[in-house]
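Below are two complexes that have chain A in common, paired first with chain B and then with chain C.
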Partner chain A sequence: MLRHVTRKAAGWLLMIAVATNATYFLASWFLDPRSNYQGLRPVRSEAQIDVALAPYNLDPRVPLVDRWWDWLTSVVLRFDWGKSPTGVSVNGEIGYRSLVSAELVVLATVLSVVVGVALGVHTASRQYGWADRVSQAVSIVVFNIPTSVAALAVVFVAIWLNQHAGLHFLYVAGENSPDVHGLLPTIGDRLLHLILPTLTLTLMGYVGYHLTQRSLLLDTINADFVRTAQATGLTRAQAIRRHALRTALIPTATSVAFSVPAIFTGAIITETIFGWNGMGRYFVQTISKNDVHGTVATAAFAAALTAIGAILADIATVFLDPRVRVS
Partner chain B sequence: MTLTTTLTDPAAPADATPVLSVRDLWISFPSEAGPVEAVRGVGFDLQPGRTLGIVGESGSGKSATAMGIMGLLPPSATVSGEVLLGGRDLVGLGDKELSGVRGNGIGMVFQDPLSALTPIYSVGRLLRDALRVHQDLTKQAAWEQAVELLDLVGIPDPRERAKSFPHEFSGGMRQRVVIAMAIANKPSVLVADEPTTALDVTVQAQILDVLRLAQRETGAGLVLITHDLGVVAGYADDVAVMYAGRFVERAGVDQLFRRPTMPYTARLLAAVPTVDSGVHRPLVAIGGEPPTPADLPAGCPFASRCAVALDACRAEEPALREVTGHGHVACLRADEVADGTLDPAGPEGAADEHPGPVRTGAGEVVLRVEDLVKTFPITKGALLKRRVGTLHAVNGVGFELRAGETLGLVGESGSGKTTTLLEVLRLRRPEGGRIEIAGTEVGTARSAADVRELRQNVQIVMQDPLGALDPRLPVFQLLAEPLQAIGRDRDAIRTRVHELLTLVGLDASVGDRFPATLSGGQRQRVGIARALATEPKLLALDEPLSALDVSVQAGVINLLARLKRELGLAYLVVAHDLAVVRYISDRIAVMYLGHIVETGDTEAIFADPKHPYTRALLSAIPVPDPQRERTRERTVLRGELPSAARLPAGCVFVDRCPLYRLAGEDVRLRCRTERPAPSVVAGQPGHAYACHAA
Partner chain C sequence: MTSDLATGAPTPSPLGQVPEAALLPIPRDKRRLGLGRLYLRRFLRNRLAVVGVAIFLLLVLFSAFGDVFTGYSYSDADFAALTQPPSSAHWFGTNQGGNDIYASAVHGLQRSLAIALSVSVLTLVLAAVIGSGAAYFGGRVEKATLAVIHFLLIVPSFLILALVSHRLAGDWRVLIVVLTAFGWMSTARVIWSVSTSLRERDYVTAAEFMGVRPLRIIVRHIIPNLGSLLIVNLTLGVVATVLSETALSFLGFGVQTPDVSLGTMLADGAGTVTSAPWLFAFPAGLVVLLTVSMTFIGDGLRDALDPTSVTGAAGGRR
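Coming up: the complex of A and B.
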């Protein structure tokens, strides 16, 4: 198992290196860091802008291959991913923002999976019952609501609740309050800020798991081996849990593992509406600000997450389906 | 490795208290057309150590009865009546209470061992879990017991094999595991639902022995549900015949087979092809189809198919009543049948046509296969497939088939019979050897038109008619399609389709219907009609009858015989049911691991089988006659068909051969080192076998 994971990880590392370098060249060709200085007053000349960019290894007069080599050596030797055209350290930004995103995304993903799979199992064992019909109708409606609408609706409901019920713990903006100090108060404050965005992301995320898990489980729930398990003395619920669900979970586990990078860098709308400075917004900002190093670092970050997701998916599959271990 | 056994009647306790009593069991399922009564008032007592055989066709409610006893019906089903297990009524208990009974008081063996075991758990784990549901055992102790159980049901090297997953076992071995799970907690009742239907006939004999052993080990009463009257004859103490959700006859096995009293039972027995020694008796098809449970007629459900039905039969459904000296029968005329004054087949019931293989004289050679070879590569590795071995599916097979003749290819699964058939149908140059169809060597045809003409001469009838017919085309379109393919015009097609429907005995109105609305027998007739559309010379039939019920099967067998006689067709039949093969084949080729080990006229092979494998195969088939079934000598083959990837250097059958073990040292050496060539039996031209020892 360990050997298998190591081999896989080595393969993924190679893939990340190739993808990141390719992104570097693409970004350097298409993004123009000089635009950050062109709107400034007093107006600067081309040469002045180039000089200003030179310390950040973005000087267009230097051949691209040389800039790439400098960037690569600094990444490999010092793990320094460079600076933005205005001199902000990429490492610092990503270090901070990835933590913010993780805070936002990890809890929401876990909740989406738990809620979605639980609903899927519950409704699949009662196919065409009223619970199944109602929850499926709700899920399909939610599935068709755009994130921005859902997030704004959550905000409105929260404000209404705050006003009418006299509740004042539902924060609709920011990741923390500026004036809180001390460890425990900070954690509590951050958790309170987390409620609404997590709710939104969970609402958007659970539907897919509910609908796919339901149909996956329906494929195995009437299998002969579930009946055999019942015949040995398990109740229907036990037989479904121990025999049907385990096989039906494999595709879900894989899809969760692979969706992690997309959620990390894709929660832009939620981040924007609730005012969180996460990876999703950073990704959009770096591109719009022609920040070559930021874009490349974000891409590398997403690639690393994909690799981690894929390896986790492999481990989950082996855990769920012991047959894989044999072959 | 053989075991020659003589079956004896298990000791029958006279008046023990029944372990299982079913009283007036009714089961209904909701459907769009209102509730469907699948089981209507079934009742019986089961004594410990005894076996009750429940026989019936598909849709008769026998599986629903089994599920009702087990409490495994879907929640939507409505159950009433009583199922008393050791005095406790199981009907109406919740899932939780029932789960305490299932596996503990009642164990169940299922039909399809390939899907009955959870694929992601090792068999040892499955057994361990089954034990720990009802017994307070440590994992270690339960594992030890699981290994013992595997040993009991005859899994070689049980300690190692317990760690294997179900997909690493063959069908027969998996069924042994299912039996081990059923008896793990020593239940007092075993329910076996078609336990051997999905298995080869040689494996069936082994599994029935294991079931017998399991029953002896636990002293359990067994409810054996099957459609195979031969299995019942050899195994059951009492037999109940189900039709349209009810028991229509219930009697001791000897009484039932000596004089079947319900006309349905009598006609069913007459419709079963058998491999009895002695002369061929003609098959009498019952005619019609069993009623669907959703739409039962008013009176006796069998009345419409019964030859001796009275008007009173159509008015009211007769109750199950005792007939002196017999058992219980649900028929108004049971007394007349029982005392022999009424022939249930009716006055005109004698064979209306002789369905036996009538040879229409040796015609021209339609198919000639010489030294056919087909191999499959065994590959390994996910990305770069490297060849690690070769599977010899067909190895030097040769035969000749003339117009008006039927050749049956028989053998266990994996013997290469279907591969041979497919190679013939492929119409490409074979890997080795040659195939000649109607005088043209396959593979030499130069133009596409030549190939198309060749294709027109060879057609196939598939095993599962529902899968073989496009569900979205009406029958007319299905039959017209092959005609369009050969470029007939519209009027010609219309006339030909009507001709075809008449030819296979279907009404012209069937043309507008979709396959899903037809019954199994009608569907297979459509399949045959479609194959006949282009007026082929050779028809390849791949298990043409195995998806059909016994009472319907006989009609299709008779149809095939008539078509061959009238159209002078040649049939190449692959079938696992040797009894059926006997009825439709003129000649038989017995295949083992890609080789033909014996070939000859059907009657010659059945009367005087030479090759030890043929003998074992024939003796494995149960005979629907309890006396003969229980007293005859059986040669049960040990083990299963080995892999065709590593063929032995000598005779391919050497590992399982009963003669090899008894042979002298010189013969043994030849068996191991020299592959036997076919030798002709003296005085029987055309009967050849390949064996050193026989």
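Coming up: the complex of A and C.
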């Protein structure tokens, strides 16, 4: 098992490296760091702008391959992700932001999987019952709502609740309040700020798991081995949980890896709407400011999240699927 | 394509319901229903699908002829009415710049529809050629294609999409190209997995023995036999494209001012959800109507074209 996971992890590490370097070249081609200086007064000449960019390894006169090599060596040797076109260190920005985003993405992923799978199992074992029909209808509509619309609707409802029901713990802006001190109040404050963005992301994420888990379980629920298990004296619920669900969970476990990029995309929009200073919002800002190094760092972060999701999915598969354990 | 990208979870795939038998030509018999009539009849039996078609047609009519009913254009600014709620002069109200929301909604829907329809057709063509090509040639070509597909599926493609379209966009036609370039992978994968079984069919082998060129075999023999899968994927592609176009434009990387799409209108209304809810409510309603109607249509098409589906089989025989 350890060998299996190590081999997979090595593959993912390679994938992160390739993706990050590819993003570096794409970002260098498509972003123009000089635009940060072109609007300044007094007007600067092209040569002056190039000189200003040179200390940040963004000088357009240096061949791209040389800039790339400098960037790569500094990342590999010193874990220094470079500077923005105006000289702000990328490392200083991403340290705090990646924690904020990871908090949001991990929590939303876990909740989506738990809620989606639970709902899928519940509805599949009661196919065409009222709960099945209602949740199916809701999920199909939610599946088609853009994240931005869902997030704004959540904001709308939360503000309405705050005003009319006298609730004042639903925060629609920021990841923490400025004047909170002490360990416990800080944790409480952060959790309260987490509620709405996590709710939005979970709403967007659970649907896929619900619909796929329901159809996967329906495929196995009437299989012979489940009936046999029931014949040995297990109740129907036990037979479904221990035998049918175990088989039906394997494809879901693998799909978690593929859903992390989607959750991160959702986080970009959610963080923008809820005013969170996370990686998603940072990504929007870096692209708007033509910040090559910041953009690449965000892409690397997203790739790393995907890889972590995939490795966890691999481990889950090993536990669920006896065929993997044997080989 | 990017449907899972925008929603955060795996798409329930239409795979596994591929109606192989439906693809074989049924001998025409005067006393029986024609194939087209049969499909139509099955489609009409699905009530939600009919509702979907009705909504979709209304949306198309609205986007095409909606501006007949208003004197304003989406680019006109009425400085006497800034951020006004819906009234008789401005049916859907106005935004901070005095633009008429009704006129903007007509134009924005037009843009979003044009982008969604052309991207889903283009991605489908690209995915069909690449997917079935990989399956037909097999061997190294297949392995290399699959590696590329898997890599692009895992890479945070939305980030690359934003990166590329930020520089090139503002122009919605460029956005079509970019969305197509990064949107074909998951459809191609589905088409590949179905085509691998078509590759072994007798008619493909027969064509090979007769010396038909590979490209011709793919275009004449493999792709037509994927017909129903492709049609269903077309509707799903529209949904996925609308979702990613909205997301990109919302963040300012897709359609950009002065042009207007449903995504930019949502971004406009984002800051004033409670003080001016009409700014966000109308485009949001249109987006949701568009995607939900397309999903219903796709569902109905699947039922109509798939003989193994329960609703279709029950009424298919007389």
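Methods note: the second predicted complex is superposed on the first by the 323 of 327 C-alpha atoms of A that agree within 3 Å, B and C clash if a C-alpha of one lies under 4 Å from a C-alpha of the other, contacts with A are read in each partner's own complex, and residues count from 1 in each chain.
We adopt the following convention: contacts are C-beta pairs under 8 Å (C-beta built on N, C-alpha and C of every residue); 3 or more make two chains touch, one makes a residue touch a chain.
What you see is a predicted model; the values in this text were computed from it and never measured.
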Side-by-side fit of chain B and chain C on chain A, or clash: fit
Tell me the contact category for A:Ser215 with respect to chain B and chain C: first, second, both or neither. second
Identify the partner contact of A:Arg236: answer first if only chain B is touched, second if only chain C is, both if each is, neither if none is. first
Taking the superposition as given, does A:Ser255 touch the first partner, chain B, the second, chain C, both, or neither? second
Per the contact definition in the header, classify A:Ile269: touching chain B only (first), chain C only (second), both, or neither. second
Give the label of whichever partner, chain B or chain C, reaches more residues of chain A. C
Distance of closest approach, chain C and chain B, by C-alpha atoms in Å: 5
Contacts from chain B onto chain A in the complex sit at residues 70, 72, 95-96, 99-104, 107-108, 110, 112, 115-122, 129-130, 133-134, 165, 167-168, 178, 181-182, 184-185
The answer for chain A against chain C in the complex is residues 15, 18-19, 22-23, 26-27, 30-32, 108, 112, 116, 140-141, 143-149, 152-153, 155-156, 159-160, 201, 204-209, 211-212, 215, 252, 255, 257-259, 261-266, 268-269, 272-273, 283-284, 287-288, 295, 298-299, 302-303, 306, 310
Chain B partner, complex, touching residues on chain A are 223-238, 242-243, 246-247, 320-323, 326
Quick one: which bits of chain C touch chain A in the complex? Just the residue numbers, please. 4-12, 151, 153-160, 162-164, 166-168, 239, 242-243, 246-247, 250-253, 263, 266-267, 269-270, 273-274, 277, 280, 284, 287-288, 291-292, 294-295
